[in-house]
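Below you will find the structure I want to go over with you.
Letters A, B, C, D and E mark the chains as written, and numbering starts fresh at 1 in each.
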Amino acid sequence: MSTNTAITEPLQRAAAELLSEGKVAVVIGYGMDGDSSFSPPLFAREPQEAERLVFDDRCFGNLSVYLSKDHIRRMGKIGIVVKGCDLRAVNVLLREHVVKREDVVLIGVPCAGQGDPLLGKCSVCEQRNPQGCDIVVGDPVEQPQIDAAQRYSEAADIDAKSIEERWEFWSGQLSKCIRCYACRNVCPLCYCKRCITEKTVPQWIETSAHLRGNIAWNVARAFHLTGRCVNCGECERACPMDIPLGAINQKMAQLMDERYDFQSGLSSEDKAPFTTFNVDDPETGIL
Amino acid sequence: MIKLTIDGQQVEVEPGRTILDAAKLAGREIPTLCHHPAVPPAGACRICVVEIVAGGRPGLVPSCAYPAQDGMEIQTCSERVLQSRRMTLQLLLARSPGSEVIQEMAAEHGIKEIPFPKQTGESGDDCIMCGLCVRLCQQIVGASAICFDGRGPDRKVSTPYADRSDVCLGCGACAFVCPTGAIDPAEYCPNPIEKIPNEFNCGLDSRTPIHLPFPQAVPNKPLIDRENCIRFKTGGCGACADICPAGAINYDMTDEFVEEDVGAIIVATGYEIMDPSVYEEYGYGRYPDVVTSLEFERMVSASGPSNGELTRLSNGKPPKSIVFLQCIGSRREKNGKPYCSKICCMYTAKHTILYKHKVHDGQAFVFFMDVRAGGKNYDQFVRRVVKEKQATYLRGRVSKVYARGDKLMVRGADTLSGTQIEIAAEMVVLAPALVPSSGIRDLSQKLRVGYDEHGFLLEAHPKLRPVDTNTAGVFLAGACHSPKDIPESVAQAGAAASKALGLICHTRLSREPTIGIVDESSCNGCFECEGVCAYGAIGPRELTDKKGNLLATVAFINEGLCQGCGACAATCRSKSIEVQGYRDDQLFAAINAIHR
Amino acid sequence: MIQQASDSTDNSKWQPRIVAFLCNWCSYAGADLAGMSRFAYPAAIKIVRLPCSGRVDPMFIIKSFEQGADLVLVSGCHPGDCHYTSGNYHARRKLLAFRELMTFLGIDPRRFKISWVSAAEGAKWSSLVKEITAEVIALGPFENYSKLRAGGIAE
Amino acid sequence: MPDECSANETKTLIPLDYMASKMRIVSITDETVDTKTFRLEFCDPLKGEQFIFRAGQFGLYSVFGAGEATFCIASSPTEKGYIECSVKRTGKVTNELHQCNEGDIIGFRGPYGNWFPIDQMQGKNLLFVAGGIGLAPLNSLIRNCLDLRDQFNDISILYGARSVDDLVYKERLEAWQQMEDVQTLYTVDPGGETPQWKGEVGFVPTVLTNMKPEPDNTSVVLCGPPIMIKYVLVSLVELGFSPESAYTTLENRMKCGVGKCGRCNVGSLYVCKDGPVFRCSDLEALPKEF
Amino acid sequence: MNSAKVDEQTLYQAATGWLKSAVDILLGAGVEVIAPIETDPGVVELAAVNSSEAVALDYVNARLPLKRLLFPVTEVLLEYEKQSDGDVDVKSEPAASPKDVVVIGARPCDVAALEALDKVFHWDYDDVHYSGRREGTTLITFACTKPGPQCFCTSVGGSPHNSAQSDVLVFLEDDGRALLQVCSDKGAKFVDQLGDVAKPAPAGSKLPAPPEVKARFEPEKVKQWLDESFEDDFWADVSLKCLGCGACSYLCPTCHCFDIVDEANWHSGQRRRNWDCCSHPMFTKHASGHNPRPDQASRCRQRVMHKFKYFPERFGQIACVGCGRCTRACCVGQNLVSILTDIETRAKGGANCDA
């Protein structure tokens, strides 16, 4: 672990300034916590609290999840520390009217990747330098070129299996699911006031943690994120049962990319693939 | 007001008006050359002289420039006046012997010979040095592109240093006002003057920037074409405002968006004709005498570009033989429109008659696929045309039109006799396919009305609801729906109007109950539903507490617009939209019941 | 365990079960026309009528499999013909993506069919149903899911 | 109450397998537009004979396939051979229940929970205050007390609902009104009255204040929406009642009904076991999580 | 459950290879053997084994706690089938005619947690599903040799050598030998079954010293503060980052909240019991829409209060065994230990330091 002082110091200054000038009610960033293996979220509400903000290579979380939380929004205008990848989620939230641009101050941090060794998603990150933030602290980092094959390599590994092998694999993985819904609750885009699992009339998704219910839940989750998921990987990180949820999300992202030339969250102006159509969309496999 | 007497007649004019203005009011005609109502007077040509008899300093004055004064007594054709004019005309005739205007004016004044030598060649031209053009260019157009150049006999109207000047706008106003037609702006204008094609006459003639859109337009008022008007191009001119007696011209008026809340919309965007130049074999665009039926219609119209005189565009002579070609692009599966344009058979029959009215000894031929005369008395009309030899009907298609000399050779097949024929025609009239108005797709997307592969708008049901669309409250009339002739269009328009009235005459709207309903307690307000709604039925609704504080913005389905397709319900992740009659729990029960 | 009435995977007794979600205006009318025109088709297919193929939520399909469907069919108007102008275009995007998701998870994509059948295509409907019924008989019972059904859940 | 059963005590445990007894719906009464009263009989006659409960206790009713839901038993323990429950349509189970017909079979387990301390009320005046569907648990107690009429002094019933249409047990209300030894006062919220309405118009706490009940030797039992209970308590205190003499019921969400699922905890209490009947004075000590 | 108290702690010793023999003997006797096995890379889970080979020995703790064997994540309570005459055939899921199960290798904290579960499932009403399994389960616990950084059992009255609820507590030695401490009749029966594999240890044999687990806080102090701090702002502050994901509760060896749901098709169905979690907003939400615990602050408070105040008040013990799973699982670093140490600081009147 190494604290990135080139970012941490200007970050602390910027946050303290925003707070002391009353431009934001809270700055959501990362803080240091001796006990945990990563830098957890920190909510600075007073200028002096900004001193506890930090940026290092253990800032795993996607803080944009808090933008949809009522108890955070009630505080007032939010300043939020975003890595380039987190910004994609913010863009989707903006597009879906979850937050208004004027209600949030985006503090961008250039990020050369998280984790040691680098997290999988960071090694194929194409958004190392956040675009369109109100404030960017620190200097831009080098952005390697990533091609589509690298971008979706995890999904490709599973795609390479036969259909039977895939069933074998996924029924094993999904059997583990205990339906704690951690994947849902940490997802910045799973902000529904009432999750489909909580609607009981009718109960589309069985809540029992048997494979039947688990498939229904995970299919619904993946499908509700199709064309929206920004592959931040929080679901997989949160899953206490270590189910490779990211691969499913990646597969659907790959599909949207290949089929509709769409990558979620690159702009807040895009139309989600499922809210629009093209008369000439591919339709192979339709009888 | 100023009171004066002109030729013994009392008139009243406003202060500041000239004697010429007063004379007009009195109904006395005074000849003018250098005068133009929009241009400040100069009194240069002295044709307009009148005699002040009393009430001022007696003598001859130019009426166009001399202000009317109270108590004046004016004579407009006293012998003294006429003598002066004759002298002036003699001098003008000597300078510009070729000018028709001067010649006519001189003749009116009984001048046969002149005592001066007529100037010819370099020094003699039609310009009478009145300077109207110069004053116009400087003071009205504001371009100052032309001026007088040289002295004495060398004096002439020219550009500075006689160069082609970028200052010249190419507006052509100088030529327009020149009393003798002496100016050709092309001599000094760097940008050739483009005539503004008259759209209504298919560009067969030109129009001015101020024009009537078409004869009998409603309202029948002229409009300014801002793209071509000098005023809008340079900020100069404004002559029309100066001279409009009603003060009706207001340059500040702009196009504006007008929003109206309406209960129904009738789409009647009509048709356009397809461009037949895509079919090279017919030579349209290549030979001036190949015209479309619409151009022909204008050419034979009394209000058309040639005032109803039918002449060949190539040489201005009446066409002695004419060939009408049917189904240009219509009923053509490949590279065309597969549908029948429906109106061509009948208007072509009419055109043959009109042709015979214009060119009595002319010969008309019609190439047709088959004659579709399905309206009331239509077939009888076509039969009359054939029977009365107004036209020779040939069943078959034309393979090629080409020029030979000043004739157009039309080569085609007569499938009834099974022979190849070639007709030497002087004019060829094409009946191109009808297509929907350009922009219909944008409009249909705005209105959420379907359209077919050709762009014609879709009716709700071909037999049972031919006037309705699938979007409630939007109705169709005329050719936007499919090619239609006048009686059909009128009938459909009437039906559409009745449908619209039937809809809006009630105080409450009744409709199918199958519509979407939003559960506001769980709606996230992401508005993905709005994106999939084909009817624009979904919009935002703000939920507030009792104090008016905004709690949430949620989706709201306009029950008047919703058609109940359920795309929104399938899109809603939180399952906050239910379609009445196809609710989730109903479908769940249906799925469950299958596996009984 | 209570014996399940008809989810036996015994091939000798097994009858295929196809759940079809049809749009009201085209495919349902097409199926209707097939009936009126006396085009016979297998009774294995059970129809749920919807206003539009755009109404289909993937949960319908999952639920059908959970309840014992061996094959699910969604059928709507041909592209451009949607009564609601664009419902089938949206359905096309979503359902094809859903099929990819199924495939990725190892659920046989041959178990989920999409078709366009217009109100005039009674004959197409009849041959389509014959075709997919033959296919599902060849595929056999959908064991991946039938093993997950109530009473036989692997936990 | 908390000391009633402590985990440290060795006592005979009742085996619990969550089995639901089958009951047949014998009659259905529409109370309001979204409330129905079901009269149920055990399919197994023996169970019916053995079944005893006390007023205030609840059961878990289930529609097979939809799930279980908790309702108080609305009939009186003195009425044998059947039980009644009144159900407002709010969720999945209640929806399904409302779609049931007479003769259908549903599941039941219970009775669970504590009960109104009817023994301690003997010889006292009784004041029942109910709002809306809150009359259901009181109905059981009122019917019980009326069946044992001579054990109590004056009995007064104050019942209010949002509108005339929202009044439940209309026939029974009528019957109570006819009784000479019961004082009844029925009210609807302002705006909820109809031209035919002959009762009071006003909110329950206001009507209660005007009613001026005698606090001495009176037990009060309250049931209704939380907001009503809150203000009725204020009125009662103003009238000289002590919170110790008032009882009410809590309706926290429950799944097991027997203190295991952890859903109905309010502090260290379990509404399903330590309740649903609480003394109003005891509620004040609880965390406000009900 | 440990009905007969063992008078003297009886110590046995077992030679290298004892585990293989033990597993073979048990399997041979038709007993289901549950042991730690590596299911995912670096992840150990308690699961049925067919041989001793798969058994993992080097691990801090299983990913899911022992509770899931006795109180599964989902289980059938009853099944029903609708009859054509309108009747319904309802059958209680036979409460597992107690099958003999031996769990080898659970950690002392997980096993100690059963004390709390026992109390919940056996008070007043005896949950036959739980107790049936509990009855038939013999717990051969492996004493902790290498506690994890998040472990804090010593703070909540446990220890790496806690024998509470264990039938046998096993002290593994590096060379494969082991000391077996018999703690109950069931344990004695197990050791009997092993025959020669386990011999009584020579008198004076000493148990190894437990590894150190740092004590982080005093639960009494925590409770003192909790008693007075229901309305404290602390709860809003501490819950800021909590996403209510529930991973902590699902992995907690003492959390026991559950949901009961029906799952059905047209004619038949099951009533099931599933794990549930007080962090989820729907947990307490009434059908009317009223929610007694409407925000994350009140739900966080409930979780801490329940474990350290309500449960002790009701059942006389803390509902936490210090296994540290909640802390490990939390993806926002909502660290239960730091919440509790913070509370302790407050209880001592210390500075206001944010968790």
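One rule holds for everything that comes next: a residue touches a chain if its C-beta (ideal position, glycine included) is under 8 Å from a C-beta of that chain, and two chains touch if they have at least 3 such contacts.
If you're wondering where the values come from, they're calculated on a predicted model, not measured in any experiment.
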Farthest chain relative to chain C (centres taken as mean CA coordinates): B
Between A-C and B-C, the pair with more C-beta contacts: A-C
Chain whose mean Cα position lies farthest from chain D: B
Per-chain CA centroid nearest to the all-protein CA mean: A
Between chain D and chain E, centroid-to-centroid distance (C-alpha), Å: 38
Between chain D and chain A, distance of the C-alpha-averaged centres to the nearest whole Å: 48
Centre distance in Å when chain B and chain E are each reduced to the mean of their C-alpha atoms: 87
Averaged-CA centre spacing for the pair chain E and chain C, given as whole angstrom: 45
Chain A, residues touching no fewer than two other chains: 196, 201, 203-204, 206, 210, 274
Where chain C touches two or more other chains, by residue: 57, 63, 67-68, 80, 86, 90, 94, 149, 155
Sequence positions of chain B contacting 2 or more other chains: 521, 532, 571, 584, 588, 592, 595
Partner chain B, residues of chain E touching it in the complex: 265-267, 289
Chain C to chain A touching residues, read off their complex: 57-59, 62-63, 66, 79-80, 86, 89-90, 92-94, 96-109, 113-116, 128, 131-132, 144-145, 148-149, 153-155
Interface residues, chain E side, partner chain D - complex: 77-78, 80, 82, 86-88, 90, 92, 95, 119-129, 230, 256-262, 264, 269, 271, 273, 276, 278, 283-288, 290, 292-293, 298, 302, 305-306, 309-311, 313-316
Chain A-facing residues of chain B, complex: 521-528, 530-532, 553, 571, 573-576, 584-585, 588-589
Contact set on chain B toward chain E in their complex: 521, 592-593, 595-596
